[in-house]
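For clarity, chains are labelled A, B, C and D in written order, and residue numbers in each chain start from 1.
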Amino acid sequence: MSGQAASRSVNMKQVVNETRIRVRYAETDQMGVVYHSNHFIWFEVGRVELLRQLGFTYKEMEREDGCFIAVADARCRYKAPVLYDDEVVVRTWLNNVRDKLIHFGYELLRVGSGELLAEARPRTLSPTRK
Amino acid sequence: MSGQAASRSVNMKQVVNETRIRVRYAETDQMGVVYHSNHFIWFEVGRVELLRQLGFTYKEMEREDGCFIAVADARCRYKAPVLYDDEVVVRTWLNNVRDKLIHFGYELLRVGSGELLAEARPRTLSPTRK
Amino acid sequence: MSGQAASRSVNMKQVVNETRIRVRYAETDQMGVVYHSNHFIWFEVGRVELLRQLGFTYKEMEREDGCFIAVADARCRYKAPVLYDDEVVVRTWLNNVRDKLIHFGYELLRVGSGELLAEARPRTLSPTRK
Amino acid sequence: MSGQAASRSVNMKQVVNETRIRVRYAETDQMGVVYHSNHFIWFEVGRVELLRQLGFTYKEMEREDGCFIAVADARCRYKAPVLYDDEVVVRTWLNNVRDKLIHFGYELLRVGSGELLAEARPRTLSPTRK
């Protein structure tokens, strides 16, 4: 790997995207908290916004380059319940790119208190071409 | 309209599909009832099963014939709350086909009591080719 | 109705909320457009933001006043497909309050072009106390 | 632990629930496959059916015993894409119960071929009382 690519890789890892999300009523369940599958939808929102911040529009990557990101592994650790109408922040960063796999990291934080609500071990994503 | 077509039309209108659905936890909201947008997902399930009963697989209609059904109008009247773990039946029938529009009718009933939980005015669907 | 109530009613009807939403990948279906039940989730987002603009937090209405809004009737007319990553605006306003029923109006517009993507006939909502 | 409890524990671990699910259109995304967060909804369906098979109705556990199961950790490994209208089977079993944590195991299989579509490492669930 050339020195240029290496340093660029380091720079990309320093980029952290923070995207704010307001919890929707439809995302709650009868336990009165956000149903746990919704966190993965939010992490995807964060991932797309991180890519946008890095200069890539995922929509165009799909449409123009035929490049799709398929999730190979999804994991989330739930730290605290998320409630209706809460404002939360998805923090997303690039952990590393190895072989054909991209590893992102995610944290979900409550706006204001900064409380950690959930964190996701780097998902393994494989960009493929159809 | 020929007599044959008319009688076939009558026959299709007599076909009613009944599909049983068990309410999922993810479909409830913090009010303790099924969130109202899920009814439309269930009506679609009923529509696909009605088509299957009539000999059409919607998946193949899309894939092989490039025939897509786009929803032009969706309406639901909610009669009673639907609860977690309830078993419900989607009753679906063909109201009429006019021009390029197919009109389905839907009812949502509670299994056992037969209570009417929701009904949907015929949606207007337009089959299109991509 | 007193003149005061009438004029207040007029004022509330003049309030229009515009809430911007970025379409999520999870909201698309294999036809490549937003699945039609998601529009109702967005209209709810608009309704809550309109209430907030008018000084009411729906979360507190539920929790502190035991006041729940149940949807009695939902309807949407789809004008144009909504695509992944589109930015859309939900325009929400109060149509009228009669008896125990609140009637909202909704429009979904594409940001930039202002194209009308969907509109919802005033839903009938009944505020109830548990 | 008494011998009776131990043998009962072994018996419970031998119970495997198989629940069949037909993929809904709403569960697909524009990549033409099931969106990855839906797997967690299906695993929950499997978990509830396993409990039912063991004699417990989760709905009543919540309502009558005030016993809630909160997901502490969710993980899924995706092996193959799941397509619209596919019939899949969720296989669910009890891995172990330790301290206050219940560990379930899940597999998602395609009906007919038996192909493994996804598997979930035992989630850690904590039953709590409100």
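Keep this in mind: contacts are C-beta pairs under 8 Å (C-beta built on N, C-alpha and C of every residue); 3 or more make two chains touch, one makes a residue touch a chain.
Note that this is a predicted model, so its numbers are computed, not measured.
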Chain whose mean Cα position lies farthest from chain D: C
Pair with more cross-chain C-beta pairs in contact, given A-D and B-D: A-D
Centre distance in Å when chain A and chain D are each reduced to the mean of their C-alpha atoms: 25
Geometric centre distance via CA averages, chain B-chain A, whole Å: 35
Euclidean distance of C-alpha centroids - chain B vs chain D, Å: 28
Per-residue multi-chain contacts in chain D, two or more chains: 25-26, 30-31, 37, 41, 84
Parts of chain C lying in touch with chain A, wherever the complex brings them together: 22, 24-26, 41, 44-45, 48, 57-59, 83-85
Residues on chain A engaged by chain D in the complex (per definition of touch): 30-31, 36-38, 40-41, 62, 68, 70-78, 81
Residues of chain C defined as touching chain D within the complex: 25-26, 28-33, 35, 37, 84
